[in-house]
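The following pair of complexes shares a single chain, subunit A, combined with subunit B in the former and subunit C in the latter.
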Partner chain A sequence: MRIIIIGFGKLGKGLCRAFIQKAGFLRDTYGLIPRVVAVVDEFGAVANEKGLNPTKLLKVADSFGTVARYKGGKRGKLAIKVIDEVSADLVFELTPTDIHTGEPGISHIKRAMQAGKHVITSNKGPLVVAFGELDLLAKTQGVEFRYSASVGGAVPVIGLAKKLLVGNEIKEIRGVLNGTTNYILTRMSAEGVPQDTVIREAQELGIAEKDPTLDINGIDTACKITIIANSLLGMDAKLRDVKVVGIRRINPDAMKLAQEAGQTIKLIGVARRGYLEVCPKLVPLGHPLAVGGTLNAVTFELDLAREISITGFGAGPMETTSSLLGDLIDIHCTLGA
Partner chain B sequence: MRIIIIGFGKLGKGLCRAFIQKAGFLRDTYGLIPRVVAVVDEFGAVANEKGLNPTKLLKVADSFGTVARYKGGKRGKLAIKVIDEVSADLVFELTPTDIHTGEPGISHIKRAMQAGKHVITSNKGPLVVAFGELDLLAKTQGVEFRYSASVGGAVPVIGLAKKLLVGNEIKEIRGVLNGTTNYILTRMSAEGVPQDTVIREAQELGIAEKDPTLDINGIDTACKITIIANSLLGMDAKLRDVKVVGIRRINPDAMKLAQEAGQTIKLIGVARRGYLEVCPKLVPLGHPLAVGGTLNAVTFELDLAREISITGFGAGPMETTSSLLGDLIDIHCTLGA
Partner chain C sequence: MVMELEDVPGQLIKALEPVARFGGNIKSIMHQRERKTPLGRLPVTLIFEVDERTRLKQILAALKEAGVRVVQIGEREGAIREIVLLVGHIVHTDIKDTIDKLNAIKGVTVSDLNLAIGSLGQESSARMTISADDKDQASLAISRLRDIASKKKLLLITPIEVVQ
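Up next, the complex of A and B:
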């Protein structure tokens, strides 16, 4: 399979590393031979239809900060040109998320689809700004479109519903979808310390970003619940359709009261057909959503199975590679079937 | 799809009920029209290649205790005869589990496969006695063989690994796979009461069976961990290959010590390539395996995603129908692809 990678940060590099480490496994198990024919980063690009050497790509990018220094590479904003002109089967769109415009992800994804290329993305922006349009374009162009990595990192939330809970009607989806806030709430609960203290320590540990506003105020969770609703409940919701309350007002006293009642407080995203919400909620200890640390967890309320929950790491380049690779194998097998 | 149901207890009836309730959904969503052409129970059978009426089947079975009283039905041990002689695409083998002989499940499954019929089963017996043989027979006969309902009830443990964690190497699988013992341990932990008291109350509530020995001594969990190892780790293990310790010796003192250390005690099945074990183990509170009540939970240790866990109800006819129906839709889509 001939692959273009747009965005060569931690995720793009993690994917490349997996292609190296798992070459034998992918070939022997699925007959899948990923051939990277182009890589674009923020400073430039390199393309070779015979295939680029993934080990060399990583080395060049790490040494010089751009793949433009790979033999034959060029500097400049080259994503659209590469997507249009390089022969390939599939584009990985792994650029950073812009939740307001969805760009440059939307343009990349549209051009790829218009060029008849399948698309896998981890980018939440395009999915909260233009889900319906992109989903329709994929269908009319007859290409595959996957975005498992955009929700839950390594946790196959969307695949679980689409491939395994198939006999069930989904009544509601509830999720702990942001590892940073879950870490903060877990430590507040375990140690009774104020939120600001935990946030500062989380920043020092690299668990929270320098500006953790989008996590703390619930917007990141709102993005994910929007994507879940769009892909699993047949909605075409935008971010503004979600009623959002963050964790800012949760203090140690509230945590203590919850604990005394055998509960804990989690930031929960809720999706029902026509109703989307993000809000701190009480969760009984022992319930699958009461997971600690940076874990993510999603519970599906179903007519037959009643409740099925899935839990795992919602971030991290290696963990997220699990979802990117899962999507790639899925498309490969779908096309081969 | 023409379907034979062997075994018409709670599961068979639950499946029939789902066929009635979900007829429109299955047809519109998957183009699947399940036509029940024969049903066999312990007293007799009825067959009609034009299709039996599921509502009438349920009514007759509930009124007379056997489908033999359905128009055209016959009394006697008719399973093999029906499997051999009735034209059908697929057999549901839903008879009770015999973990020592695997019968009559093994014979039913073999004859169905030899007759070119796909097989879906919930029966653990055949899978712990003759997994390798049945798996091979399905392959040589070119038929599909699914057994999601045999492990975890509604929880799609096997499907998760086979369909969604596909880019990962599975290093280890750990699971809370028995709802009865999980209920007992959860109540011992929450209330500090002795095991015998909880067992008695669980029996009164219908959560524990009259003779809960196979649950308490870990054998039921051992069956499930054997099936998981066989289907996901490429083993051909038998029940005797599992090192088993039950929960008999767990007392309120042990529970209290665990709690003081922020842990709880769960009966855990463990499968690594070449090593199978069932044993009570400490699990940290907040870990996905620390689920309460009658829930089941399974954690996969993986090279990329690190840990993915899935949780849900491990028993109940409606819940288990979720897995039976999931297998049916999966086979239907596999054949149609």
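Up next, the complex of A and C:
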């Protein structure tokens, strides 16, 4: 399969590493040979329809900060040009999220679909801003569109619901969907220290970004709830439809009062048809959603299976690659079937 | 509740079946053979929990239909307890008023309050236990508290399983 990778940060590189490590497995198990024919990063691009060498791509990107230095590479903003001009079967859209405009992700995804290319993305921006439009475009263009990595990192929230639970009616999906805030709350609960101290610690460990506002204010979780509502509950929700309260006001005293009653405080996202919410909730210790550290956890409330909960790592290049690769194999198998 | 059963086989099962059928959770059964009534019946003391008053009514109706004589019912109210947290200027926004407004709901009482006063300029935190006779009243109390918290700019943290 001929692949274009747009965005060559941690995720793009992680995916490239997986192509190297799992080449034999993908070929032997699924007959899938991923051939990277173009890579675009923020400084430039390189394309070769015969296929680029993934090991060399990683080496060049790490040494020079851009794939433009790969043999035949070019500098400049080239994503759209590459999507339009390079023959490929599938585009990985892995650029950073802009939750307000959804760009440049939306343009990349649309152009790819219009060119008849399948799309896999981890980018929440386009899914929050234009889910309905992109979903429809994929259908009218007859291309596959997958976005498992946008919610839950490695935790197969979308895949589980869309594949294995299809016989159920989903009544509600709720969960811990942001590893950064979960780490902060877990540390506050364990150490009884103020939030600012824990945020600094999380930043030093690379768990929190320099500006963790979107996490702390619950917006990142709200984005994931919006995507879940649109993709799994058939809603046409926007970010503004989610009632959001973040964790900013949670202090060590509140945490202690919760613990004394056998509870803990978690930032919980809830998606029910017609009701979308993100807010801190009291969760009994030992409850499936009372997960610690950077873990994510999601509970599906279903008519037949009643309740199913899953937990795992919600971020990290290797963990997220699990979802990206899963989507690729899924598309490969769908097309082959 | 105390029931009086005929001293013939099969009476106890007849009395217990309706309790189980309508979701009563039996805590204890005391069969007092030595305290036979003048009419030769046996008093049986049964303790069970139901989560709604309507269930209790259904159980009583079914017992009556089955011909079981119920002589005494002792309800312990406030069986539903919800723990919530409040964060904000809880004292300055009149905690007594907050509690009074909840206590004003029939069948609802604030049965416990733990307050942690924040240091100067910081927000305080409180853990409140709300006792209610049944689930409907508990959720009414939570929704009333949600309005109060919103007006007083307090952060209300509710249990994950509460029905909105």
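Keep in mind that, in the parts below, the second predicted complex is superposed on the first by the 337 of 337 C-alpha atoms of A that agree within 3 Å, B and C clash if a C-alpha of one lies under 4 Å from a C-alpha of the other, contacts with A are read in each partner's own complex, and residues count from 1 in each chain.
Heads up, the rule we're going with is that a residue touches a chain if its C-beta (ideal position, glycine included) is under 8 Å from a C-beta of that chain, and two chains touch if they have at least 3 such contacts.
This one's a predicted model, so the numbers in the text were calculated from it and none came from an experiment.
Once the two complexes are overlaid on the shared chain, A:R306 sits against subunit B while remaining clear of subunit C.
Of the two partner chains placed around the shared chain by superposition, subunit C is the only one that A:I265 touches, whereas subunit B remains out of contact.
In the superposition on chain A, A:P156 makes contact with subunit B only, not with subunit C.
Once the two complexes are overlaid on the shared chain, A:G292 sits against subunit B while remaining clear of subunit C. In the superposition on chain A, A:E319 makes contact with subunit B only, while subunit C stays out of contact range. Of the two partner chains, neither subunit B nor subunit C is touched by A:E172. Of the two partners subunit B and subunit C, more residues of subunit A are touched by B. Note: residues 284, 287 of subunit A belong to the subunit B contact set and to the subunit C contact set alike, using the contact criterion stated above. Taken together, the subunit A residues at the contact with subunit C in this complex read 174, 245, 249-251, 253-254, 256-258, 260-261, 263, 265-266, 268, 275, 279-284, 287, 289. Put simply, subunit B touches subunit A in their complex at residues 18, 22, 25-26, 30, 154-156, 159-160, 163-169, 186, 284-288, 290-293, 295, 297, 302, 304-313, 316, 318-319, 321-323, 325-326, 328-330, 337.
Contacts from subunit C toward subunit A in the complex involve residues 83-85, 87-88, 114, 116, 118, 122-127, 155, 157-160, 164.
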